[in-house]
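Naming follows writing order (A, B, C and D), and every chain is counted from residue 1.
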Amino acid sequence: MPSHPTTSRPSYLAMLSLLFTFFLLPSIVLAQAEVGQANVEGTPIVPDSEQIVVAPVTSLIAADHKYDDGEMIDLSWVPSIDDQLIDGKVIGYKVYRLEDDGEPQMITELAPSSNGYNDQSVERGKLYSYFVSTLSSNAETPSVRTAPVEPQREWLNYELLNVLIIALVLGGAVIYFIETARRGKKLFVRKIAGIEAVDEAIGRATEMGRPILFIPGILDMDDVQTLAALTILGRVARMIADYDSKIFMPVSRSLVMTAGRETIKASYQAAGRPDAYNDDMVTYITDEQFGYVAAVDGIMVRERPATVFLLGAFFAESLILAETGNSVGAIQIAGTARPAQLPFFIAACDFTLIGEELFAASAYLSGEPKQMGSLKGQDVGKAIAMAAILIGVLTVTIGDAWNVEWMQNITTVLTEIFSTK
Amino acid sequence: MPEFTFGIPLVALSDIGRVISLMLIGAGLLWILVRSLRAKEVDRRIVFLFIFIAVATPILFPITFQERATLIVKKVFDKVESLPAGSTVLLAFDFDPAMAPEVQPMADAFSRHCLEKGHKVIFMTLWATGQALLTQSLERVVRGEYPDKLDGVDYINLGFKAGNENVLNIIVTDFRMMFPTDVNGVPLDSTSIFDDVKSCKDLDLIISIGGGKPGVKEWVLYVGDRVNVPMGAGVAAVVAPQLYPYYPKQLLGLLGGVKGAAEYESELVKWYPHLEERGTPGLRMMGPQTLAHIVIMAFIVIGNISFFVSRRRERKR
Amino acid sequence: MEHFALWLGGFLTLGIFSFLYKDNPWYKLTEAIYVGISAGYFVVVYFWDNFYSKFWVGVFPHKRLNEAGELIAGVEPDYWLIVGGVLGLLMLMRLLPKVGWISRWPLAFIVGATAGLWLINYFASFVMVQIQNTVTPLFGMDYSASLYVIVGNIVVAVGTFTGLVYFFFSKEHKGAFGSAARVGIFFLMITFGASFGYTVMSRMSLLIGRIDFLFGDWLGMIK
Amino acid sequence: MKRQVPLIITFLIGMIMIFSFFIPPLEGLEQTCSLFFDVIAVFAFFLGGGNLMRIHVNKLRRRKKDWGFSIVTLGGFIIMLAAGLLKIGNPGGIAASPTTEGALLQEIFTYVFLPLQSTMYALLAFFVASASYRAFRAKNREATILLIAAFVILLGRTPFGMMLTGWIPESFSVLQVPNMAIWIMNSPNLAGQRAIMIGIGLGVISMSLRLILGIERTYLGDDSA
């Protein structure tokens, strides 16, 4: 098989390692020891006629990283004028740090054409100064040392101020409409098919004398979709208690089991039927995705529920559950905020709560004015989003084309407002 | 090999099993179609059975469908084909074993095509986990199938270098700075392939394979956009939609998923028929996929027919 | 062993597939095995990863000794974790009927933390980023876009806008507003149909994998 | 006390979490909270695992239907605990990790758990087919659009897409089915996804606020709502 001449390779390697141990290694060590004193701009550390001397970096600035807890310092510099990719004299940079005027310590090595570094290993209450050495293949040129900086802690992240303001506006809108509704003003909320169907679906189960299956997704309590499922469960369980129907809720997380029991129990109490509640309405199966699905599929074909609720966070199992539920003739109401799974619910279930509708369902089902008010607040958010898209697209398209300055200004402001750094 | 033509797709039949199962599927679908004209619904278990047969048959008795390359794939092929022999092509294997089933067929097809055409090929990877795969496919495809091609002359393996896009940032101006030697420790200066190659500017074509990060996006941003070298890419199906916006300006073409690989292979086999026996995994994997898709589409049609028939009956009533 | 493992795999695989025909004792058996084993496996994983590595080692860090057996500076214990432990213990109070109500405290903690955390995260990445991405010049930067791209841009902007109209709760879908909402539904339907169709291939490859196992690895029918 | 304390806890923690996003000194709070969550979840596991055992032991004791399978479930559960916690069948003994090659836990994982998992997952291939047979029908205008979009994408994924429309000249190649599929994925599909995502973000804000402000309190076992 053709290959490189390999015979010379061992000796070649041996020479290289000899060279390294006797020459390069000591020189690196010496160079590093000498760095401490050598911080005059442009002075090479080991003067030697054979050396490739490269220019130092300029305009080195060390500054406190803005809006952090005082744990970062940002360095920036203009790369060495020899750092041009064509001749490749500069092979990299070394960043040195002096802590409270102590000994310089190398903290990192960077590739050519780097022009900055973010030091994340600093502490508050200490002073740090830096210098950067430009490396050629056999020499190192340090830059001027920076003035000492102390990392600062900031109490508010002004970079995210726009997020805070919009969040406050939207949150304020939600709270405003909740208050308005509480004071008795009538608010209109349109019908949502999937939610309207809940009552009928529970009634059907009662008539048929078959149980209602409630699947709250497969994620734990640290996901909002599970919380949404539980808030809906509160309403649904109340109706079930009123109708004197049966609910069964297999879950894949222990915490969801606990919270689910707590919720159903309260609903039965509120309906005045605490005696009808028992803990076995909610059972834990297994945390594992498809193990849970195998068991729920089994439950579906054996118990033949009249109604199935699939609400919460679902992954690939969405379709397995929905198809099995369909095969036993159950009315299915599904809902998730995972866009990837929505198509399968749309295809296999009778009603699907699409994204936002899942979070609105509980408020809607409660029928309380203050809860409905929060939905109105959501609409304010949508109005803002729609206005931003409409105005933004128009101004950016027209403003760029005819160079209309005020339009460009609007675009800039909009981008500022909706930017997330 | 006896060939048998069902309309347009050429189905190579070498086995009685293949005929029987294809007839089973065809006759079955026909029977269900007739039933659907009488507005009869199909039991879901029958659908299941059809899917099982449609997937299992091409696995047991290999059936391949002739793919016709879409423009986005053909452009990559045409580029490799139209470069004069002896051009330098860089193949970046930026994927790990998890992604390999989808993109390894593309990597093989690209390697074969370049070597057949007499291009000089530079192999490299930015993925630590891709290193072993690169070595294996070099062993299998390059050394195994083209024993007369010389390492360092016709091809070279630079191996893996840590640093992600930083590596690209450097090789865009100088290969030797990042890769003083190839994967075996041979200095680049001693290889003839690098005689005329200093940086990515001196390449004639770059093909990036793999859809993760670093991957095609990084190659486009750090190399393709900065030097005037055409770029092609092959990625897994899930990431392909995110990369279409780069076509045709920044990427001259793109292979997405097993389908992309199959299209490239079909084009390759058309030009180099002797490559067919070396294996066309993309086309082979498309066999069960295609049959399954056809069966699903057939059922959608059948479902609609029975739906309309039953609706008409209801209206008459 | 190798042989046994293959037959076991085949047995379990067919057991699950048998469910497609109907529920049967074979499926029940595989289901029972699956549930028991996976629940047990997760207990083990959670115990070592969460309880031991995160909690126990966090509160009682490993002492690091040097070669002479002297203690060298190790990791500082993180006493904050004890709060988590206490919350966990409160959760277990459910088992005692008289003080069971106290388990609502950790639940309240989790609900508060989840709601507060995701409120901003969802807002930033689902609302702000999406709005920002939608605001693009329809004809491309400096008017260079092709007709294909322009049509695409317009479709994206119109689709996003009308999609939002559909989600509006406080206005009846009537008149011009209703027509916009209807266009929005059309876009949602295209989205669902297209995503469904695009996923079929990856779902089929899962089955290809199992059939490969059944006929190849297990029965050795694939050359 | 029983009613008010949980509401106050939810309110305080929720508010702190919201504002920690903007206050740099509190930025580590997110990790701390998720750590707390993990610890609480492990304690809760006693309740879940206990419930699993109780149900199956009950089934067994009362000889309910299919009680035989309960033995299997319990057996599997206990074997895994023994192998993983007491590290029985672990070549490295009590100190070694039970997930190394050759350990009983790992063997069961590889030879029993994995085939079961991937087969269960593979069921999707069948259900994708049965769902599309049933769901993609031109019942009304919306359903027709759903059907057409799905059909074009499906066709574009097979060689037939190109065979049927390959004659369309290159300058109109957008109309070739595979390219149409690409366009649908990139344009209308993207628009729909965005609208859904913006809606979700707003829905989360509203629901989270209801929870934090104590307007939504069913989950706490509060029956006064």
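The rule is short, and it goes like this: a contact is a pair of C-beta atoms (placed from the backbone, for glycine too) under 8 Å apart; a residue touches a chain by one contact, two chains touch by 3 or more.
Worth saying up front: this structure is predicted, and the values here are computed from it rather than measured.
No other pair of chains shares as many C-beta contacts as C-D.
Seen from the C-alpha centroid of chain C, the farthest chain centroid is that of B. Chain C and chain D have centres, each the mean of its CA atoms, that are 4 Å apart. One simple way to say how far apart two chains are is to compare their mean CA positions; for chain B and chain D this gives 31 Å. The distance from the centre of chain B to the centre of chain C, with each centre set as the mean of the Cα atoms, comes to 29 Å.
Centre to centre, using the average C-alpha position, chain A and chain C are separated by 13 Å.
Looking at chain B, residues 44, 48, 51-52, 55, 259, 289, 292-293, 296 sit in touch with two or more other chains. Shared contact sites, meaning residues of chain D that touch two or more other chains, fall at 18, 21, 37, 40-41, 44-47, 49, 52, 116, 120-121, 123-126, 128, 130, 132, 134, 136, 146-147, 150-151, 154, 157, 185-186, 193, 196-200, 202, 204-205, 207-209, 211, 219-221. Among the residues of chain C, those in touch with two or more other chains are 16, 19-20, 28, 30-31, 34-35, 37-39, 41, 46, 91, 94, 104, 107, 110-111, 113, 115, 118-120, 122-123, 125, 127, 131, 134, 157, 160-161, 164, 167, 188, 191-193, 195-196, 198-201, 204, 207.
For chain A in complex with chain B, the touching residues are 1-4, 9, 13, 85-86, 88, 91, 111-113, 323, 327. By the touch criterion stated above, chain C contacts chain B in their complex at residues 20-21, 198, 200-202, 204-205, 207-208, 211-212, 215-216, 221-222. For chain A in complex with chain C, the touching residues are 163, 166-167, 170, 187-190, 192, 221-224, 227, 255, 258-259, 262, 285-288, 290-291, 294-295, 297-298, 301-302, 339-340, 342-344, 346-347, 354-357, 360, 375-376, 378-379, 381-382, 385-386, 388-390, 392-393, 396-397, 400-401, 411, 414-415, 418-420. Residues 8-9, 42, 44, 47-48, 50-52, 55, 65-72, 241, 244-245, 259, 262, 286, 289-290, 292-297, 299-300, 302-304, 307-308 of chain B touch chain D in their complex.
Those residues of chain D whose C-beta lies close enough to touch chain A in the complex are 18, 21-25, 27-28, 34, 37, 40-41, 44-49, 51-52, 55, 116-117, 120-121, 123-124, 127-128, 130-132, 134-136, 146, 193, 196-200, 202-211, 213, 215-216, 218-225.
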